[in-house]
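Below are two complexes that have subunit A in common, paired first with subunit B and then with subunit C.
Right, the complex of A and B next:
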C-alpha cells in the first residue's frame, strides 16, 4: 500500500490535467451550444484544443512599456491558483486532495487569486484599454464577492445550527450532510434562492456576457487581455477553463451533492462509480449551461455601473432573502 | 494611448483614443476622448484615414464611367450615390426620367433602406454585446438581399440606375416575389420591435444614452434618422421630393409616434430606423400597385447619350434621402468629356458633428453604441487627406475673412 501522502502528491498532477481537459471540453460544448442558440453552426467541439495549440505556437509579445516580469508572471499565478482551487474541491468523484478543516474559507480566498492576477497583469501591460479593464475588473470583483460571501456564510450557519459546529466550514462535511435534508420547505426556498445567486456569481467570476465589462470586446478591445498574446494568453485561457470546472464543482459539492449510488438508483461498485461520474458530468453541464452559455446569449452587456447595481443591489438582496428564509426555517425547527 | 494630463485646477484627466482601428469601429476614424474614471469629459475626432480620391478620379472620366465609380463610394447605400449623381447630371443636361423608371428607382432605393437599417440594427446589437440579436437580424436581412439579387442580379451593388432612367425593368412575374419580401418585413417588424424596444437590458443601455437635443441637432446640421430621432422633422423624400415619392402618401417617421415623446437618445434612433423599415416595405407595396407602364430609360444607346452629355454646359445638383440621411451631389459640366467638378457630400459628414454633444459626459461603455447610433460611414465621408504636419489650420474666422475678401473682390470686378 502506498503512503497516503505520496499518493496525494501523485494525484495532484492527475487532477490538474483532468481539470484542464474537462474545462476545455466544456468550453467547446459551451461555444457550440451558444452558436446553435444564435442561429450559427459554431466551431467543432475540439476547437478549444485547437486554439490552445495555436496560441502555444504563437509569438509571445511583451509591450515596450509593460512591466515585463509582472506581465509574464501573472498568467502563471492565475493558472496555478485556479488549479489550486481544484485541489480543495471534490470533482469527478475524486475527493479533494487538500481537504481539511475550514477549507470553504480557503476556497473563498483562493477564488479571488485568478481575477487578481488578471488585474495586476492588466495594469502591468501599460495599455489604456487594459488599464480601464483592470479598473472595471476590480470593481466587478468587489461587487460579486458580497453575495458570494453571504451564500457561503448562510450554508455554514445552517450547518452549525443543525449540530455540526466543528465542521461548518468543511466542504466535505457540507457535501456529505446534503443541506437540502437539513431544512424544511421554507428553508428549501431560501436555499434555492442561494443556488441561483451562486450561479449568477459564477457568471461574474467567469466574465461571461452580461457582466464582462472588464473584457468588453466592442468597448475596450478585450480590456485586461488586450496586450496578451501567445503562451501568456493560452495560460489565461486555461485559467478560465479550469475556473469554470472548479466553480461548477463547488456548486455541485455545496448544493447538488447527491449521487445515483447515494439515492439507491444504482448498486455501488464499478457500475455505480461510472453512474456517479456520468451524473457529475451532467450536473456540471447544467451548471455551466445556466451560468455561462444560456445567459450570455440571452442578454446584452451591462455597463460597469449596472454590474455594481445588479450585484450589490439585486443579487445581494436575493442572497440576504435566502439567508433570512433559511434562518426562519431553522428558528421554527428549534422552537 | 493613455496620457496623463493636469488641467488648470490640478485635476488629473486621461485621454484615450478609440480607433483608427478598434473592434467597435467598422471603418477607420480616430476618436480622442478625455476621460475621468469612466466618464467622457472631452471629445474630438480625426478623419481622413480612408481617403480614396473618388472625386478626383471622377473629373478624369466621362459621366457613364463615373456612374460605376459613384456606385462604389459606399458599400451599403450605393444606390443613393449613383441616383444623386444621375440626378445632378440629368439636372445639368435637362434630361427627363420616364415615370416607370422613377418608380423602379424608388423601389430599389427602399429595398436598400430596408437592408441598410436591418444591417445597422445588427451592428448596434453587437456594440451592446448582444450577439444573438446581431445574428438574428442579419438572418432577417438575407431575405431582402436575395430579393435585390433577384431583381438586379447583384446582392449589394445593384447597378440598376443609369443616367436618364434604369437599366432593368421589373416584370409582371417578378412582382409576387417582391410582395413576399415586403410582407416578410412587415411581419418581422413586430419581432424586431419586441427585441429592441422591450428587452430590459437593451432599454437600460439605450434609454437616455447619447442624447442629442433638438437644438443641438439643428446647430450641428444633423440629417436623416439622427435628426428625426431628435425631433427635427426633416426628410428629403418629403421636403424636396423626387422620383416617385410625390405620388406616394408618406410622412417623416418620428420616434414620438411610438412613445409619445422625443428624447433624442439612442433608443429613439432605434425606433426611427425600425419605423422606417416598415415604411419602406409599405412604400414598395404602393409603388408596385401604382407603377405606370412605359419606357424605363431616356436614351438606351450609350454612345448617343454620351455624345449628348458631351455638349452639356452647366451645373446640376442631386439631393436625396439615403438610409443615413441626406446625400448631395454637385456636378459642373463645361462641354467636355468629363465633368469640370464633382462634389459629393455623404450624410455622415453632417451627423458626425453630433457626436460631440452626444458623447459628452457619457460613460466609456457607451462610446461604441453612441458612435454607431448615427450609422457612420467613413469612406463616403473622407473628402480630403492631410499628409504630414500642417503648418496652419483654417478656422471658421479665417474662412469667414477669406470669403468676405473674395466677395469684395467680386464686387469691385462687377463695378
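Right, the complex of A and C next:
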C-alpha cells in the first residue's frame, strides 16, 4: 500500500488533467447547445480543443506599456488557483485531496483568486479597455460575493444546528450529510432558493453573458482580456474551463451529493462506480446548462450598475429569504 | 500543432475603414443562423489581439490609414487579411477620391479579395475558405 500522502501527491496531476479535459468538453457542449437553441448548427464538440491548440500556436504579444512580468504571471496564477480549487472539492463522495477542517471557508477565498488574477492582469496590460474591464470585474466580484457568503453560511448554520458543530464548515461532512435530509418541507423550499442563488452566483463567477460586463467584447473590446493573446489567452481560456468544472462540482457537493449507489439504485462495485460517474457527469451537465448555456442564450447583457443591483438586491434578498426559511425550519424542529 | 488547427478555428476581427456599412452588415449576416459560420469555428472577437483574420471593409479614408496599420500590427502572427467589398479592393465608387488613402492593399498586405458591393455572405464564407488555402500554402512552403 502506498503512503496516503504520496498517493495524494500522485493524484494531483491526475485530477488537474481530468478537470481540464472535462472543462473543455463541457465548454464544447455549452457552445453547441447554445447554437442549437439559436437555431444554428454550431461548432463541433471538440472546438474548444482546436481553439486551445490554435491559441498555443499563435504569437504571444506583450504590449509595450504593460508591466510585463505581472502581465505574463497572472494567467499562470489564474490557472493554478482554479486547479487548486479543484483539489478542495470532493467528487463522488471521495474525499478531496486537500480536504481538511473548515475547507469551505478556504474555498470561499480561493474562489476569488482566478478573478483577482484577471483583474491584476487587466490593470497590468496598460490598455484603457482592460482597465475599465478590470474595474467592472472588481465591482462584479464585490456584488456576487455577498449572496455566495450567505449561502455558505446558511448551510454551515444548518449543519451546526443539526448536531455537527465541529464539522459545520467541512465540505466533506456537508456532502456526506446530504443537507436535504436535515430539513423539513419549509427548509427544503429555503434550500431550493439557496440552490438557485448559488447557480446564479456561478454565472457571475464564470462571467457568462448576463453578467459579463467586464469582458463585454462589443463595447470594451474584450475588457480584461483585451491585450492578451496567444499562450496567455489560452491559459485564461483553460482557467474558465476548469473554473466551470470546479464550481459545478462545488454545487453538486453541497446540494446534490447523493450517488446512485447511496440511494440503493445500483449495487456497489464496478457497475456502481460507472453509474456514479455517469450520474456525476449528468449533474454537472445540468448545473452548467442552467448556470451558463440557458441563461446566456435567454438574456442579454446587464449594465454593470444593473449587475450590482441584481446581485446585491434581488439575489441577496433571495439568499436571505432562503436563510430565513431554513432558520424557521430548524427552530420548529428544535422547539 | 500545425496550421491545420488554425483552419478550424479562425477568429475574425472586423475593421471598418470608412465603408458605407453595407459590407459590414453582410459580414454579420454570415454569422446569423442562416449561414452560421460558427459551424467552421469562425468566431467574431472584439479585439485584434485575439484575431486570426482581419476582415477589412471600406476604401481606407485618410483618417483610418494609421489606425488600420496599427490594428494590423496588433494582430498576432500567423494572420490573414481579407478585403471585403469593391471599396476595399479597388476604391469602388470612391475610386481616385481626394479623401482616401486606399485601396486596402496600399496600406496593409491583403491575402484574399472578396468582390461585390456588397458581397453576399456566401462570397465572404468562400473567402474565408480561400484564407485556409493561403495558410496551407504557407505551411507547405516551410
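FYI, the second predicted complex is superposed on the first by the 332 of 335 C-alpha atoms of A that agree within 3 Å, B and C clash if a C-alpha of one lies under 4 Å from a C-alpha of the other, contacts with A are read in each partner's own complex, and residues count from 1 in each chain.
Just so we're on the same page, contacts are C-beta pairs under 8 Å (C-beta built on N, C-alpha and C of every residue); 3 or more make two chains touch, one makes a residue touch a chain.
Bear in mind the structure is a predicted one, so any value in this text is a computation, not a measurement.
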> After superposition on the shared chain, which partner residues are touched by A:191: those of subunit B (first), subunit C (second), both, or neither?
Replying inline: neither
>> Looking at A:39 after the superposition, I want to know if it touches subunit B, subunit C, both of them or none. Which is it: first, second, both, neither?
In response: both
>> Looking at A:250 after the superposition, I want to know if it touches subunit B, subunit C, both of them or none. Which is it: first, second, both, neither?
In response: neither
> Which of the two partners, first being subunit B and second being subunit C, lies in contact with A:209: first, second, both, or neither?
Replying inline: first
> Should A:226 be classified as contacting the first partner (subunit B), the second (subunit C), both, or neither?
Replying inline: second
> After superposition on the shared chain, which partner residues are touched by A:306: those of subunit B (first), subunit C (second), both, or neither?
Replying inline: first
>> Output check: A:298 vs subunit B and subunit C. Expected answer is one of first, second, both, neither. What do you get?
In response: first
>> By the touch definition above, which subunit A residues appear in both interfaces, subunit B in one complex and subunit C in the other?
In response: 38-40, 129, 216-218, 220-222
> Mind pulling up the subunit B residues that touch subunit A in the complex?
Replying inline: 1-2, 14, 16-17, 22-24, 37-38, 125-133, 135-136, 139, 199, 201-202, 204-205, 363-368
> Any idea which subunit A residues touch subunit C in the complex?
Replying inline: 31, 35, 38-44, 47, 50-51, 53-54, 56-61, 129, 216-218, 220-222, 225-230, 233
>> So in the complex, the part of subunit A that touches subunit B is made up of which residues?
In response: 37-40, 127-129, 131-132, 135, 209-210, 212-213, 216-222, 297-306
> What residues on subunit C touch subunit A, complex-wise?
Replying inline: 1-2, 5-6, 8-9, 33, 36, 38-41, 45-47, 49-50, 52, 74, 76-78
